[in-house]
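Below: one structure, written as structure tokens.
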Amino acid sequence: MIKITEKSIDVQKIIDTVSSLSAGAVNVFVGTVRNKANGKNVLWLEYEAYETMAVSQIRKIIEEASHRWPLLGWAVSHRIGTLKPGETSVVVAVSTPHRKDSFEACQFIIDSVKTMAPIWKKEVFEDGEEWVSARPEIEMRA
Amino acid sequence: MIKITEKSIDVQKIIDTVSSLSAGAVNVFVGTVRNKANGKNVLWLEYEAYETMAVSQIRKIIEEASHRWPLLGWAVSHRIGTLKPGETSVVVAVSTPHRKDSFEACQFIIDSVKTMAPIWKKEVFEDGEEWVSARPEIEMRA
Amino acid sequence: MNKYRVKAFGITKDLLGGRETFIETQGQTVADLRAALHSRFPELSGLRSLFIAVNNDYADDEILLKPSDEIALIPPVSGG
Amino acid sequence: MNKYRVKAFGITKDLLGGRETFIETQGQTVADLRAALHSRFPELSGLRSLFIAVNNDYADDEILLKPSDEIALIPPVSGG
């Protein structure tokens, strides 16, 4: 299941989706909005996605992961819109027969989603706002 | 939170427990009962723990993990009693500022729990039952 | 002249002043489109990176564009 | 003679025939207790491993036992 959604993400539902009677292991990564960025208070984040491409890129990532690890179930759900600190922005879940594979596959998927999927976030502070990682200077300030 | 419990484990509750406004990443491992073992149908499992020692060993594991990774929240919940295939036997969850640490810490904790915590499972098949890994022969049969 | 409809996301939406812009170029490759974009929106060069996607996939500079292609600007992604 | 109360879990509970057994030994170390256990329950040697826990911690063979210690047999663990 791949989902780009404006609604809050139900982790339990995702775990149920990926679970299988032949899977002994489920690994779940939950990304949440932090209340600080570069030492400043984050009021909220605005997430935007190029949805059709995001879904197709994530599908490719899952395909690659399926070649490398024995995935029995998998799910990637990414939130878009306005998110407050503490809210869940992304959930990746995979199930595999054994636990080592579940950790490796889940980490590969979230790492790849973060580098490949066309999704952007803007941090909104008390004194301004900023598209994350868009400009080189932001890197140096971090 | 460390819990050895006969009741079913609520993963969402555990994620809520470990989440923090300063944590960007939560990693969760969910162990579930498989319906096969050594090619045979598993009817159910019976889990047993030496509870006081299990809690104290898990506490040591968490202490060690806290030295190695910047844990902001953590939880280990292990089910005991009779579990059917598909049911959740163990949940480990950790939150950290960044995602790589969350994967590493969670994997360290579940790996250590599986080798150190005095918890045992007996597989019950149609034609008999067996304490898992108790005898050398079982290893060879796997 | 070739005319391409280009979608813009994230910071490029702000720099181009909208979700979609039409760009005219003499050439027909991704590289030609990129050059035309940079000459019309010089601020694009201030980005850490800028990929161009064609039909939902990252496109190399030598790819030939058709007028029917779905073209999009992909500034540095920051999902997760 | 020293008499120790020993808890048994997992397969050792089956082999010893109960959750608790009293074991008598001449010596006072974990190694002495282990020897007494093996001579009374020879089937214990069929296990892949057998640790002895004293007061909720894994105990080395040279540890001295007190009658008040909480002693337990730890056959190969298989949690998770």
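The chains carry the letters A, B, C and D, assigned in the order they are written, with residues numbered from 1 in each.
Simple rule for what comes next: a contact is a pair of C-beta atoms (placed from the backbone, for glycine too) under 8 Å apart; a residue touches a chain by one contact, two chains touch by 3 or more.
Model, not experiment: these values are computed from the prediction.
Note on connectivity: the fewest chain-to-chain touch steps from chain A to chain C number 1. Touch-path distance (fewest steps) from chain B to chain D is 1. Rounded to a whole number, the gap between the C-alpha centres of chain A and chain D is 49 angstrom.
Put simply, the C-alpha centre of chain A and that of chain B have 24 angstrom between them.
Averaging C-alpha coordinates per chain places the centre of chain C 72 Å away from that of chain D.
Among the residues of chain A, those touching two or more other chains are numbered 31, 99, 110. Shared interface positions of chain C, i.e. residues touching 2 or more other chains, are given as 80.
Inter-chain contacts, as defined above, occur between A-B, A-C, B-D.
Touching chain B in their complex are the following residues of chain A: 10-12, 15, 19, 21-36, 85-86, 95, 97, 99-100, 102-103, 106-107, 110.
Partner chain B is touched in their complex by these residues of chain D: 7, 9-11, 13-14, 46-48, 53, 56-57, 70, 72, 74-80. Contact residues on chain A toward chain C in their complex (touch as defined above): 31, 47-50, 52-54, 56-57, 78, 89-90, 110, 113-122, 131-136, 138-139.
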